[in-house]
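Chain naming follows the written order as A, B, C, D and E, and within any one chain the residues start at number 1.
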Amino acid sequence: MVHVSQTPVLALRGVFKRFGAVQVLSGVDLEVHAGEVVALVGDNGAGKSTLVKTIAGVHPIDEGVIEWEGTKVDINRPHDAQNLGVATVYQDLALCDNLDVVANLFLGREIKKGGVLDEVAMEKRAQDLLSTLSIRIPSVRIPVAALSGGQRQVVAIARALVGNPKIVILDEPTAALGVEQTAQVLDLVERLREQNLGVILISHNMADVKAVADKVAVLRLGHNNGIFPVATTSHEEIIAAITGATDNAVTRRKSRSAEASK
Amino acid sequence: MSNTNEASATVPAQAAEAPAAAAGAVKVVDPRLLVREQGFKGYWTEFKRKVRSGEIGSLPVVVGLIIIGIVFQLETGNFLTSYNLDQITLYAAGPGIMAVGIVFVLLLGEIDLAVGSVAGLAGAMWAVVGTDIPDSLAIIVGILSGTVIGAFHGIVFAKIGVPAFVVTLAGFLGWAGLQTWVMGDKSTITTPLGSFVRDLTSYYFADVAAAYGLAVFVIVAFYLAQLRDSRRRKAAELPHRPQSEIILRTALLAVLCLLAAYAFNQEQGLPLSLVIFLAILVITDFVLRRTTYGRQIFAVGGGIEAARRAGINVSWIRISVFMISGTLGAVGGLFLASATGGADRSLGGGNQLMMCIAAAVIGGTSLFGGRGKVWSALLGILVIQSIVQGLNQMNLSSNAIQYMITGGVLLIAVIIDSVSRKTQKTAGRA
Amino acid sequence: ACGKAGDDKKDSADSGSKTKIGLLLPENKTARYETLDKPLFIEAVKKDCADCEVVYNNAAGDVGQQKQQFEQQIADGIKVIAISSVDAEKSAAWVADAHKKGVKVVAYDRAIVGADAYVSHDNEKIGRLQGQAVLDALGSKAADANLVMINGDEKDPNAGLFKKGAHASLDGKIKIAYEASGEWDPKIAGEKMTAAISSVGKGKINAVYSANDGMAGGIITSLGNAGIKDIPVGGQDAELPGIQRIIAGTQTFTIYKSPKQLAPAAAQFAVNLLQGKDIGAQGKTDGVPSTLLEPTVVNKDNIESTVIKDGIYKAADVCVKDIAAKCTALGIK
Amino acid sequence: MSNTNEASATVPAQAAEAPAAAAGAVKVVDPRLLVREQGFKGYWTEFKRKVRSGEIGSLPVVVGLIIIGIVFQLETGNFLTSYNLDQITLYAAGPGIMAVGIVFVLLLGEIDLAVGSVAGLAGAMWAVVGTDIPDSLAIIVGILSGTVIGAFHGIVFAKIGVPAFVVTLAGFLGWAGLQTWVMGDKSTITTPLGSFVRDLTSYYFADVAAAYGLAVFVIVAFYLAQLRDSRRRKAAELPHRPQSEIILRTALLAVLCLLAAYAFNQEQGLPLSLVIFLAILVITDFVLRRTTYGRQIFAVGGGIEAARRAGINVSWIRISVFMISGTLGAVGGLFLASATGGADRSLGGGNQLMMCIAAAVIGGTSLFGGRGKVWSALLGILVIQSIVQGLNQMNLSSNAIQYMITGGVLLIAVIIDSVSRKTQKTAGRA
Amino acid sequence: MVHVSQTPVLALRGVFKRFGAVQVLSGVDLEVHAGEVVALVGDNGAGKSTLVKTIAGVHPIDEGVIEWEGTKVDINRPHDAQNLGVATVYQDLALCDNLDVVANLFLGREIKKGGVLDEVAMEKRAQDLLSTLSIRIPSVRIPVAALSGGQRQVVAIARALVGNPKIVILDEPTAALGVEQTAQVLDLVERLREQNLGVILISHNMADVKAVADKVAVLRLGHNNGIFPVATTSHEEIIAAITGATDNAVTRRKSRSAEASK
């Protein structure tokens, strides 16, 4: 495992967030160090995406503190987070459907030459970026609305790599990806760690989590429900923390299939 | 700001420094993409495919324009004259410039209903303050009043969150009221003799060389730009336009430009109004397609949330676009005043607003944001102004019929356009 | 209309047409322009000059459109244009340009500075007549009566003249309790009337001045809804519904500006200008040779001798079922 | 059709027949949902929370209406009279009914710019054919002309794919032209004495019992409906309104209704126009909220593609909604004709269209589809007509100023509304 | 395994589909029998979702034949497919964001009483349906726009169960789901098979595919690339068919991790 620094790059302390009549996050804590991959897991609706969005500035927090490299910061809009060095791949991707792949990749960080957009350079870079992620796309000049689910997801991931982030947040990045592309993304996560970036990875796939994460933070109904080092925790322990019970649909299903195969 | 962006964007740290990944790389372009065959046969098959699947851009409107020309020529016997071309250009400039502003707003997926009233108010401001201060200052006051109003619309919309439709609806009423108030007890203020506003639609570059010169300049500039782009793309190993296609396009443009230049020279020469209108089109087109700012306008029009998450300052884009639309509305107002001989209480009122919006939409700019170009303002206003001129010439017994025909022709123009786009939609390119 | 476009235009531009007369009318919201002025004008031109042709356009209230039409007619080689301008001040500039090209202009109904001839009813005079008619209808009660004034559209210069004239005869002789613009729109006029009733009080309104008959319609409906009856209401234009209301007794008077006189007078000017004759004006207005026609106040008593006699309306059209009995009583047939 | 649907929907075969699954079932409702405390303290804290997070529905508009009333009363001294209430209702009915049609179109996320012209044309049709055929037939002809035009708009929009904005813009011009043409050489046709159209805004149920009776009926019906709903929900173990809340709401409604009835009885009694307007509101509200058809309108407004994939016939929904809007436009036109004493060439023109759209929007119907209710037409038109009446009464020297104030007040009304909704947005309920 | 009938419920023969300049499907064949779970797998952009959309009537096919219970049918709009008995869960979910959960669930198949919507019955049914799928939702009267990614997906799946389908198509139904919800959906698929329905399941997760599918159809670049019975085919064979190569990012990643753990 890579060296982990003392002050975390990003720390959340007691974060609360409410939407209308729903208290989504209640006093959540989280720390991410440079060169560390933190997996954030939890049941559907646990509040993972909401937590990520508060970090990314999409929804400002109601209460609590966000610290960046040890100092308290206010993140009120996505621009703030980007300036700090947070790159985010959202679960809903947040691409501009009417723009083509190149324009989406560089949105907000266009390559310019003498103040004018340098389309040629951007198109070239786009092709390089996408081929690193093993994806085939009919043409990089096609509007993203015409792409398949996986292709869109890859575009969103590639977007996060343009620029110089210190922390990369990936909200279920491999949900729509094929086996090969998933492998490439896991490789990518490992490369990001090697480059000493902090990574927050949200995933429902325990195999992926165990493959790349250093520690696993579990969220349950908007509360922290334990932080586990990956190396020393079993699959079952994590799932029990997620569902809040050892008897759940997963274990029941397992035992049923075990019986059936007997 | 542009510098920092450039710097950060050119460092693809993670991806580029990872040779391991490159090993598994695939060619990004999909093998299933159908490519055009070489040679002219290739153009033809591709053209047929594009027509079938509706990717033909402004072709329907251009065809519509040609049909309108032919029909009126057959009806009146003297529609396709250089005089008419000159007149249509002259009256098209004002509404056309206003329509450019509307294109900007439509690209955001919003609408500006106040543009006619702003034009009227700007005309009134210019005329009223012009009685006391020098003409050039008065013109600036007139135009700036449009900018300020646009900023006001933008701020109320972007910062307070009132729908743009409502803000500009209020403006539509309010500014027309202010216009009457500014005019005070005068119902008309005639343009003073020496005023530049008078020249806007009455000055001509009478020298034959002017029109031809401009035409040649446009053609050469177009050719060189296309050539340069194609060369750069070729050098970067990206798909590029073949030399033959560039020459074909340039030739088409050349015929059009030179014909127009010839026609203008038959009359009084190159009209100043056309030069200004074209300049505005070229500049705004450049801004929209070649700058970060233009890209951001499209992004906001395509999806506010996605744009916001990309770090774009959505409020500023909105406010600035309404400022542009206000400013261009004011400039258009001065053209209207010029064309009718002065500012009056009803300047910019009536159907003016609807005509400007119709021009933008007929030209192919989507009402739902994120799709369109400023040239649609030119095409659209030419269609509309041709219809108006033609119907006037046909000397119909009643205006009622004239209205009905205008409505009908507009509808047909857009139906043609929509049908072609419909094919496009079923072909999956909505 | 066929033939080669280019030549056609050049010919006409050089020599000019000896037979074409342009007629440009300002709007089509009120029916009179298209149903009375235009046909009467054409008829009169034909009478004076059998092979003359009238080229007609209507600007639908839009100055820009009218300028375009004006220039189009000049470009088509027309040498005499009769124009009822949407905006008289702007038209003055066009007339100056037209003169440079040898084109003569007849100002029809609305005065234009620098025109070659002018025919009209005197608009301020109309206002004065309207005001006087209100006072006459009230008689001795006028002195302590409350009057509601609904004027025309502020954007229309003529409306200003009517208003000025009306004030000239009313001011000081009656109390103007409420005054507003009805924008030539019956609905707006009606809404203003309800506001007036609310402000002044139902029983306290003694007369209503409406700048035209269209608005009078809306006003009378409002009065009816508030249960106000039998107070003098006056209009202008002698429109058919106005005449019918006068017969029915809900409206008191209207002003009749006979296009019967206006159109032929203008046509005669135009033909004379075309043929280079002396135009035969009665006098001069602001330096323009002019003929000013007398408007007439029409009320119950002179319907028969004005609009019916002139053939503007047929008695049968006026006296429809609701008011047939009253017609007979008034002796209209 | 309704039968098959019912049948298929009641058979949840797979899910219900699977007891194994039920074992792992969780309670659907999230434990984090904040619930209201019992008693009146609970209402108050919930009310405060709702105001803070902007979930207050029409409250801002109602407050705005009250403020308008107070301000004009202070200014003119005789604004809050029963005569004014009567007159406002009378003039509001026509535009209000047109605004209901616009609400339908807005719910689809589209716009109908032709509604004013359709009103004018319907008035003209009724008046012109009414000279030859019986009044009742003429009324049907007038209304049906609106339906047919609506169907035409809908078909061109839904089947050919021309943006509704453009179709109805063409209609705005075209039908106004047709109106003039239909009127022919008459500029006004006075409503004949015996015509039902005359009654529309001049008939009153003079009996005192009528107004009170209607008020009591409304109150009782409301109470019973609420009670029944609450009982059914309780029986099904779903969250339901407590008895106390129902009584509170009924009491508020009762005060309002009885006050209005009292005011009307002070004048000429219950106006027929109000009865018709309310009937239209109740019926359309029922259609939108309680029928499959209404649900489908909301679905199409929320997302065409999702609606299409749910098997909804999107074209038919679009066409039928434009037919509704055309029909209501025509009905509104007859009310306008009734209020002004007859059909005329300018009927439905001018600012009429803008006022109707503004009414719908001010009342809280979204311009972007999928959100709104027909009651917003009532609220909005009351706001607008009150402003018009109040300003008319203040007897400003110039209409220019009046227009500016109207624009300004409209803007303020919407700003208040938007600010409250903005809170809602940041509270995550966009 | 359940009895498989002779004529397939649904059969595609030589289906072609082109979007603009992209030939997405080229002569695809597919058969689904009653009581059979067919997994449709393939790389990102292979054309899986497009194939499903042609069956569901979202995009009519360009060429080829669709047979329903042995007879050729035309499917030109979603309504046609629904009438035949096809229920589809789309990858992009296709929910109406402005409507609440109940309205979305019953859209197009509302429960009525005397011609009027029966909201109470619908709300009750909605709660039952959702609890079968182990999902917590703040309130069934909340607009779906306010739901988390997984909650939305469950609503979309539940939607497909209202009505009486003969074939259920699930396009990556578990992409956004938590472990427990995924298990419930797999259970659900098995229950559907028991009720003798045909199921088409698209997934990138080989474990899930192997757990519930009877046969696996592989799509590659818009062509059929083999149909494999699940019982007798290995993981590696399927992945090789998907990526079109035995040397791919997945195997490379595996061998790397194997080396590392040595």
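Quick note on the criterion: contacts are C-beta pairs under 8 Å (C-beta built on N, C-alpha and C of every residue); 3 or more make two chains touch, one makes a residue touch a chain.
Note that the coordinates shown come from a computational prediction; the quantities given were computed from them, not determined experimentally.
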So which chains are sitting against subunit B and subunit C at once? D
Ranking A-D and C-D by C-beta pairs in contact puts on top C-D
Farthest chain (mean CA position) relative to subunit E: C
So how far apart, in whole Å, are subunit A and subunit E when each is placed at the average of its C-alpha atoms? 26
Hey, how far is the Cα centre of subunit A from the one of subunit C, in Å? 75
CA centroid of subunit A to CA centroid of subunit B, Å: 42
Residues of subunit D that touch two or more other chains sit at 24, 30-33, 180, 398-400, 428-429
Can you list every residue of subunit A that touches 2 or more other chains, as numbers and ranges? 19-22, 45, 134-139, 146, 180, 184, 187, 248-249, 252
Residues of subunit C that touch two or more other chains sit at 28, 34, 154
Which residues of subunit B touch subunit D once you look at their complex with the stated criterion? 113, 156, 160-163, 165-167, 169-181, 351, 354, 357-358, 361-362, 366-367, 398-408, 410-411, 414-415, 417-419, 421-422, 425
Provide the residue numbers of subunit D that touch subunit C in the complex, in ascending order. 76, 78-79, 81, 83-84, 87, 90-91, 180, 183-190, 192-193, 201-202, 268, 336, 339-342, 344-347, 350, 352, 388-389, 392-393, 395-396, 398-400
For the subunit C and subunit D complex, residues of the former touching the latter: 28-32, 34-35, 154, 178-181, 183-188, 190-192, 194-199, 202, 213-214, 217-218, 220-221, 224-227, 239-241, 244-245, 320-322
Residue ranges of subunit E touching subunit A (in the complex, touch as defined): 19-22, 42-46, 49-50, 91-92, 134-139, 146-151, 154, 172, 175-184, 186-187, 204-206, 211, 221, 239, 242-243, 248-250, 252-253, 257
Show me the residue ranges of subunit A that touch subunit B in the complex, using the header's touch definition. 56, 58, 77-79, 82, 88, 90, 94-99, 103, 106-112, 115-117, 120-121, 123-140, 143, 145-146, 158, 161-164, 180, 184, 187-188, 191-192, 195, 197
